[in-house]
Amino acid sequence: MLGYIARRLVQMVGVVLISAVATYALLNLAPGGPMTGLRQQQQGRNRITAADIARIRAYYELDLYLPVRFSRWLIGHPRGPITVGGTEWFANTPIGCRQPIEKNVRNEKGKIETKVVGCNENVYLRDLEGRKVSRGILLGDFGASWKLLRDRPVSDLIMSRLPKTIELIGLSTLLSLLLGIPLGIYSAVKQYSRFDYIFTSLAFLGSAMPTFFFGILMILVFSILPKSAGLPYLPPGSASAVREYVVPLIGTIQPDTIADRLMHLVLPVITLTIVSVASWSRFIRASMLEVLRQDYVRTARAKGLKEKLVILKHALRNALIPFVTIVVFSIPSLFGGAIITETIFSWPGMGRLYFLALGDSDFPVAMAILFITAVLTVIATLIRDLVYTLIDPRIRYS
Amino acid sequence: MNEPLKTHTARMELIQVRNLKKYYTIRGGFFQRIKSCGKAVDNVSFDIFDGETLGLVGESGCGKTTIGRTMLRLIEPTGGEVYYEGNNIFNLSGGALQAIRRNMQIIFQDPFSSLDPRMPVGESIMEGMRINRIGTRKEQFDMMIDVLRKVGLEDYHARRYPHEFSGGQRQRIGIARALALRPRFIICDEPVSALDVSIQSQVLNILKDLQEEYGLTYLFIAHNLSVVEHISDRVAVMYLGKIVELAHRAELFYNPLHPYTQALLSAIPIPDPAVKRKRITLKGDVPSLFNPPKGCRFHPRCPFAKDQCLVEAPPYREVQKGHFAACWLNE
Amino acid sequence: MKIQNEQPVLTVRNLKTHFFTEDGVVKAVDGVDFDLYPGEILGLVGESGCGKSVTSLSILRLVGVPGKIVDGEIWFEGKNLLSLTENEMVAMRGNRMSMIFQQPQTSLNPVYKIGDQVAEVFTIHKNLPKKEAWDKAVELLHLVGIPDAEKKAHAFPHEMSGGQAQRVMIAMALALNPTLLIADEPTTALDVTIQAQIMDLILELREKMGTSVILITHDLGVIAEMADRVAVMYAGQIVEQATVQELFARPHHPYTKGLMGSIPVLGKVTRRLEVIPGSVPNLINLPQGCRFSPRCKARIEQSLEICLHENPMLVETGSNHLCRCWLYDGQMKSAGDLMEANHE
Amino acid sequence: MAAQVDSISLLNDYPKEESPWRLVFRRFRKHKLAMISLGVMLVLFLITLFARQIAPFEVDEITVGNYFLKPGSVQEATGRVHLLGTDNLGRDLFSRLIYAGRISLTVALLSVVISSIIGVTIGAISGYYGGWVDNLLMRIVEFFLTIPSLPILLIISAMLLKNQDAIPIPQFLLELAGKLMLLEVREARQAVLIILVLAGLGWLTSAQLMRGMVLSLRNQTFVEAAKAMGAGGAWIILRHMIPNAMAPIIVDASLNMANYVVAEAALSFLGFGIQEPIPTWGNMLSATQAYMLDMPWLPLIPGLPIFLCSLAFNYIGDGLRDALDPRLKL
């Protein structure tokens, strides 16, 4: 078992590294990025000098070659000259280019393109000395934000958003489990009953409903329409109010009190909950129906167990085994899956942060979130497999 | 009612199996090393004579099905040779292999998965001729109708799909499909064990009729000894990947030399309450292929096990004329 | 042979269990009558789909949706099981009557230790404390011949062979010394040598505990070696019923005869086997008249018209011998004698 | 005597032979909601197919001063009716909705077709030949499937939309796509990129499904029978595997249709998909959302068709799955 976990941990590190390389390459190889705007200003009225450009390129580390940049981002090295036993290694190997030579060339289609054809001034390891560098993402240092919170550590940004996301998703996951499992079981046990019929229809509607449209509908129905009709309403977005507000029939609510925060939680939590209840309970129902067909359920009945025990002791335990996967994998989507909900309800969480970072080309922030998601995903996979050994005696790893 | 024993005037070996081996491995550990090795077929040799039926019996997991599949190279063997009319089919490839394969066909146990549900059965029967480019379309069609009638089905059944047939009818179609290539040798892999009792006899009779008509040679694999006795000329008994006894049918049933065969024979319930027998009940379960007992593989369950059996595996040899066995009791 | 003037422990009368499917009503069990006497083994034999398993599930009232018991009476220990409440029935199952199944490995819950699964019977019916129930379970496992029962009780079903799993099932079924045990193809999924072990075990425990057994199987050999009396089922009905010696010595019904002729018998080699032509009828669209008539050689040979129009009754055709066939029915007796004469 | 009885043909005869597909359709028809959905989708496809003929206005026709007209408003000058009103620029919402539908549905349809083809091919090869190729492919697929897909979708489409020339696309394809979606070539590039992004991530499930089918089919004895008759890999894949795997692939495709309609809308809604002024249901929803405080009906106009399509394709998939259920006798 320990050997198995050790092997899995090695694999996990590999997977995380590969995904880090892939996302880093995707974000950094593509042209564009933070320089796009500057280039236009340069061409415009020549307000920005070539030296400025070089300085900004150095600031974003864009003057370094990709492997070097990646290595600095990942582990915080190299930081300067590499000296082993008195000799300096790679002293004359260029690791980047401060001022590329650009030339307009005509491509095969006859269009004119700007291409990098050479380098005026190389960057060497010794030039790295004195530059600001993170300790590396592997050690938990995500570097500094480019845009959203200029020059401030990405970790600050994430730490301020993380509790909000956990609050939102934790609550809705809990509610979904509490509602989804019993509903799914009941519906399966009462297959073909009126309840089952209504429930499956609703669950079907729920799982076919796109989150973004559902969220907008919720805002319409519980916020905009009642507000304009002078009825009690819920705030349509954000996590807390800025100033006190009056809700008809309920009263005045002070900003940032518990009541205020609860009011703001209701809509996004309900939206997320209903969507996952719909799909989870459908899953539980299907897996329960499958289990109820099994021979051992018949044995349990033939033994003289009351139907309640047959369901809760013999069937449910087996039906939950595949369900574990789904629940465990909702952990990584803490950070990814809530993008839409958080955007619609202007919820200051990780999903919305990611959305903003992408829109503003704040790559360090986007990279950090993707990296965290990848790590969480592989951890979730390991947890799932370990949980399996706990709940399913047929599975033993060696 | 007992018929006279079939005598072979010219006993020509159509199939010779020599030292056939098929090992399965389980890998594990950090470097995925081979942890254990299951010898599903372990050094098995036997002959099948032209025109005879050789029965192969054994309990589940003894390797009888694996023998059939490796002989046709549906599973790649670990070692050994299989000769068809003197040609080692494990050395052949491409066209030569395909040419020999036509002569060796197989009928499967499960009548439900053995036919492609999306193909009309006529197409399924003609498929072999299409693959091997035998005859024109018209000739293929005529041949198909011919074999369909041979197994007791009607012409119009060719257009139907497998789901429209019962288990017994599907098994007939499976036979027709094997027959369409005009093979000389057919491996019948538990062809009746999935069928109802009253349907079993229909299929067994068809197999016998066809053998007579076309001079077919069968390897008949089954776990039901009564069925094997009924259809076979000679019978081989397998236990844990090895043949423990092989003899003419009557010889085997009236003079079994291996204790396993004796136990197997006595364990079969006889549908006649008037017959009272002393049953030899074997203790324990069949051991795993991946962890077979040392020495004679049967010794932990054998009522006659001696010290020697624990240490050394008995040789498989011809004890009496045409009667092979592997047991120290006969040495 | 058991004495038949004893009170039967189980009386089934006119049992009808139908399945209401989209394609129509499947008459899986359609008017079944039989008695089971104390300590005897009644063999219920027939091909797949003849209704033998549904009959047994109906006795325990375990037929699930879309199946339903539509008619009949099942008298057991002085009560009509079909009029009991669900709670009364639950108290009956596993306690006074129990059942073992064809696939022992899938019939055990994969996530619980076998010791716990056996002990559960004591905790639910006898309210024994956990520890005591476990000890009793280990004792039982030992009784059914599980080697090293103390340790094996901690094993999970997937760690056991089919034979051992069936022993566990038997231990569970016989834990509370029930009056009635229903064994539904208990040896079909097992190898021959293991089948012999299980057959011996059931016979031995029957002697020890005096349990009455309904043994369901399609294997006439198993019936011959184990049963005291036999009922042959075809298309949802019993077509013949007799003591085991009587049935094998003098089968009446053409179906029974066909069945016996169609199986190869060890040591009796024949050139050809007899054949029952065609296949089992569709239980939704049953044939008119006698359900076996379309496949019946005797009908064709004797060209009997009545078989195609009217289903015969199950009537006494000999001492303790019942048969559902016009050849043996009162008016047709002569024809039956004729057949018998031809057959000898 | 035995032979004579043998020859009595007593086979259960059926009135006529029924091909498996016909049987499937017969079962599918029983699923009422699926049949209704099929009808609804056919109508929707027809409407978008004749977008030019049906839409009363041009897709970007702006009438100055006619901002935010209520549904059913009549232009005083011309007497033309804005069935669903107009948007913030005075464009006719009904017409835009139809053109948007054409784009959204085409994007979803092409994505499904491409991803299914890629998935089926890779899955079939992976499953049939096995070995290290299979191992590698499936590890990659599994990894991508466990990561939440929306962030990946967003980042890739964000990157591609910023550098639209990063992936070379043959001119004739762009023209073809433009014709299909009634777009200019320049605009079509965006749509094609979105299709590539959706299909590029979407083939994973199809590949896994196909591989699973191939693996289970490989153990079916009819495949062994074909091998025993001398059939090679290509014959077996083409004649046995693909026809038999079609059923679940089709179910998967119809459910994927729903997913792609929603995914495209989500991308456009978040601003990382097809951009204004090209109308799609997603970017229309995102545009109308801003004004829902005053005109609460606005988001319903593009939102309902998205929901409708998602629901309809889910029902169709559900109906197909029921009709193709292997547990039922086929």
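Every chain is named by a letter (A, B, C and D) in the order it is written, and numbering of its residues begins at 1.
Heads up, the rule we're going with is that a residue touches a chain if its C-beta (ideal position, glycine included) is under 8 Å from a C-beta of that chain, and two chains touch if they have at least 3 such contacts.
Heads up on the chains, UniProt names are A, D = ABC transporter permease; B = Peptide ABC transporter substrate-binding protein; C = Methionine ABC transporter ATP-binding protein.
Remember, it's a predicted structure, so these values are computed and weren't measured experimentally.
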Neighbouring chains shared between subunit A (ABC transporter permease) and subunit B, ordered by label: C, D
Of all chains, the one whose CA centroid lies most distant from that of subunit C is A
The chain whose mean C-alpha position lies nearest the overall protein Cα centroid is chain D
Count the touching C-beta pairs: is A-D or B-D ahead? A-D
In whole angstrom, what separates the CA-based centres of subunit A (ABC transporter permease) and subunit D (ABC transporter permease)? 26
On a C-alpha centroid basis, what's the spacing between subunit B and subunit D (ABC transporter permease), in Å? 49
So how far apart, in whole Å, are subunit A (ABC transporter permease) and subunit C when each is placed at the average of its C-alpha atoms? 59
Rounded to the nearest Å, the gap between Cα centres of subunit B and subunit C is 32
Residues of subunit B that touch two or more other chains sit at 166, 169, 202, 205
So which stretches of subunit A (ABC transporter permease) touch two or more other chains? none
Flagged in subunit D (ABC transporter permease) as touching 2+ other chains are 2, 6, 11-12
In the complex with subunit C, residue positions of subunit A (ABC transporter permease) that touch it: 191-192, 294-296, 298-307, 309, 314, 317-318, 321, 391-394
State the interface residues of subunit C toward subunit A (ABC transporter permease) in the complex, per the touch definition above. 60, 62, 65, 86-87, 90-95, 98-99, 101, 103, 106-111, 120-121, 124-125, 156, 158, 169, 172-173
List of subunit C residues in touch with subunit B within their complex: 47-48, 147, 161, 163-164, 191-197, 199-200, 218-225, 244-245, 248-249, 258-277, 279-280
For subunit B, which residues are in contact with subunit C within the complex? 1-3, 59-60, 166, 168-169, 196-202, 204-205, 208, 223, 225-227, 229-231, 249-250, 253, 263-275, 279, 281-282, 284-286
Going by the contact rule set out above, which residues of subunit B touch subunit D (ABC transporter permease) in the complex? 69, 72, 74, 97-98, 101-102, 104-106, 108-110, 113-120, 124, 127-128, 131-132, 152-154, 157, 159-161, 163-164, 166, 169, 174, 177, 181, 202, 205
